[in-house]
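The structure under discussion appears below in the form of structure tokens.
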Amino acid sequence: MNYFFQWRIIEKYSDYFYRGFFNTLSISAISISLALIFGIILAILKRSEIKGLSWLSGGYINLIRSTPLLVQVYFVYFGLPYININISGYWCGVIALVLNSGAYISEIVRAGLESIPNGQVEAAQSLGIDKRQTYIYIILPQALRKIIPPLIGQFTYLIKDSSILAAIGIYELTNTANVVHARTFKPIEPFVVALLGYIIIVTILMISANILKKKFSLSGY
Amino acid sequence: MESGIFDRIIMQLVTGLYWTLCLSMAASILSLIVGFVAGLIKSIHVPIITYVVNFYTYIVRGVPFLLLLFIIYYVLPFFNIRLSPFIAGVLSLVIHEGAYMTEIIRSGIESVEKGQHEAAHSLGLNYFQKMRYIILPQAIKITLPPLAGQFVLLIKSTALISLIGLTDLTRVGRQLTQRGENPFLIFFIVGIFYFVICYPIINISDRLERSV
Amino acid sequence: MSGINQDIMVNINNVCKSYGQLEVLKDINFSVAKGEVVVICGPSGSGKSTLIRCINRLEKINSGEIIVDDISIQNPKTKIVDISKNIGMVFQDFNLFPHMTVLKNITFAPVKVKKLKLKEAKAIATKLLERVGILDKADQYPSSLSGGQKQRVAIARSLAMQPELILFDEPTSALDPEMVGEVLSVMRDLADDGMTMIVVTHEMGFAREVADEVIFLDDGVLIEKTTPEDFFNNPNHKRAQEFLSQIL
């Protein structure tokens, strides 16, 4: 073994790592919020009684689920300038992540909505509660409890997936580590820092998912 | 002279497809073996080994696949282990997907009721017989849908190996666009290639899940 | 019991209902007077649930008319809210809202639909819970209740809307045998108080003691409508005789 650790380079490039860490977090947070909205829309379309809409949404979801995120990223990043739409790599990355994650989130949302038995809707109807109120007060609160834990899981996937944006030169955590490695010819130190960064974020999310799960089960049902 | 779209694009992509398929096959088989062994170990709670397996699955599931790939590909040479992009790709995929398959196999085994273990035990079956004839046949039904889903994730992850230089489907697509081909068209066709491989598996997985 | 001068609460005329090709209700006619208790029985799949679900428009009928308290149910202009304000329903599997406490389950619709003040609604709910004997469970969630308690909450919930008529779809079928009694006794009290009730049930003891009339459905056809005495002592139709011999 002929590797000499030089942990000082981490300190030297600490600004790089802060920026990388922050970019990973901000890209993920923006993407998950937009993907949630997009996913809910896709789920509602898929449940629509209008066949065309439901088919379109289903087809989109299957297309996304069957193709690599990297290809989707390339499609957005190299495709958009080709038709003279010029937006920054950062936002191309966000768009690709939203297009991708939205499909998965819609499946989570749909499963949550479908898990509410029809008797709940019938009971609400027999009490004169209208459709809108039934959605807001009866279906969503119950569905949300089912949706939130897998949604947090999806968030961890998205954070890890955001590393793929390294392929289009975004300075998120993985790319930052790789850039520092290229400058210093030291791979272990920067990659270990990146690895810890991800482990910390994912662990925090996993713990909060567990806490929420417990809280829900304590709150009565 | 413009050569036809077929020669210019499709035939090129097919050469990339070959590597994508080789990579997927090799990594699928190996990671299934890793997942099976580690899943069994995790389910029987051998003190130290189970602890090691737990640590392995915990770390791997917290780390992006691309970072793992970079670590394997760039760190190992410092230990005098030089890997081709293909081998580095297989190794990373097996480490990464193996961890997920471990969890799938473990939860499949644990989903079989305790009574089944006890019944098998009371009939005097040994561990191997119990697993072979009683537990695994039941576990496999529950395991199959998520396992199929994991294979799809694996196949899609192979695209990232293009970033360390393997000329797989995705990399060929990228090269074509660098030569001035329409990126929408190229990556759409590349997507179709992946779709044709992955969608049938997703479809089977969804169906199996509904029938469980 | 049902005199000619009594006001009519429910009037069902020539009602037909199909699911696709399957005719589930075939030309049903009957009426229910105010304060009457009608028990509907018949073999499984004969259309009992469908019939009472048509009465509060959980299902739409294909032809005929259903009038409840001068409201035309099948008329598309009739709002579902106006139907639900007048007609309560109790389901086989309770359908309590699992994310609300017992009290909230009962006060929710009066507040949201009838626009009662929360305080008034709570006062009503408290009285009702006392009446069905589970006031001490007011702040618990449904998951911590037994089946019998859940069904009593469900009855209180529909009573809170102060309906003119309550529909029961096999209210005791999902219960363990030892809990059937507590629910039937609440229903008996309701009947004694003069509530109009249409009850789908296999509890023939309840039918004999509480019902004013028994309706027997078979394969979507109303075969008998008569007093409990007649129904149990000398059923006219062969199908009814068979049904009774199986169930009693």
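Lettered A, B and C in written order, each chain numbered from 1.
The criterion applied here is as follows: a contact is a pair of C-beta atoms (placed from the backbone, for glycine too) under 8 Å apart; a residue touches a chain by one contact, two chains touch by 3 or more.
Only a predicted model underlies this, so the values are computations on that prediction, with no experimental measurement involved.
Taken as a contact graph, with one node per protein chain and an edge wherever two chains touch, the assembly forms an open path, each chain linked only to its neighbours along a line. At the centre of the protein atoms shown, by the Cα-centroid criterion, sits A.
Chain C has its Cα centroid 47 Å from the Cα centroid of chain A.
Between chain A and chain B the centroid-to-centroid distance comes to 20 Å (mean Cα coordinates, whole Å). With centres taken as mean Cα positions, chain C sits 55 Å from chain B. Residues of chain B in contact with two or more other chains: none. Listed in rising order, the residues of chain A touching chain C in the complex are 117, 119-120, 122-123, 125-130, 133, 137-138, 141-142, 145, 219-221. Here chain A touches chain B in the complex through residues 1-3, 62-63, 65-72, 74-75, 78-79, 82-83, 156, 160-164, 166-167, 173-174, 177-178, 181, 187-188, 191, 194-195, 198-199, 202-203, going by the rule given at the top. Partner chain A is touched in their complex by these residues of chain B: 59, 61-67, 70-71, 74-75, 78-80, 152, 156-160, 162-163, 170, 173-174, 177, 182-184, 187-188, 190-191, 194-195, 197-199, 202. Taken in their complex, chain C has these residues touching chain A: 56, 58, 80-81, 83-85, 87-89, 91, 93, 95-99, 101, 108-109, 112-114, 140-144, 157-158, 161.
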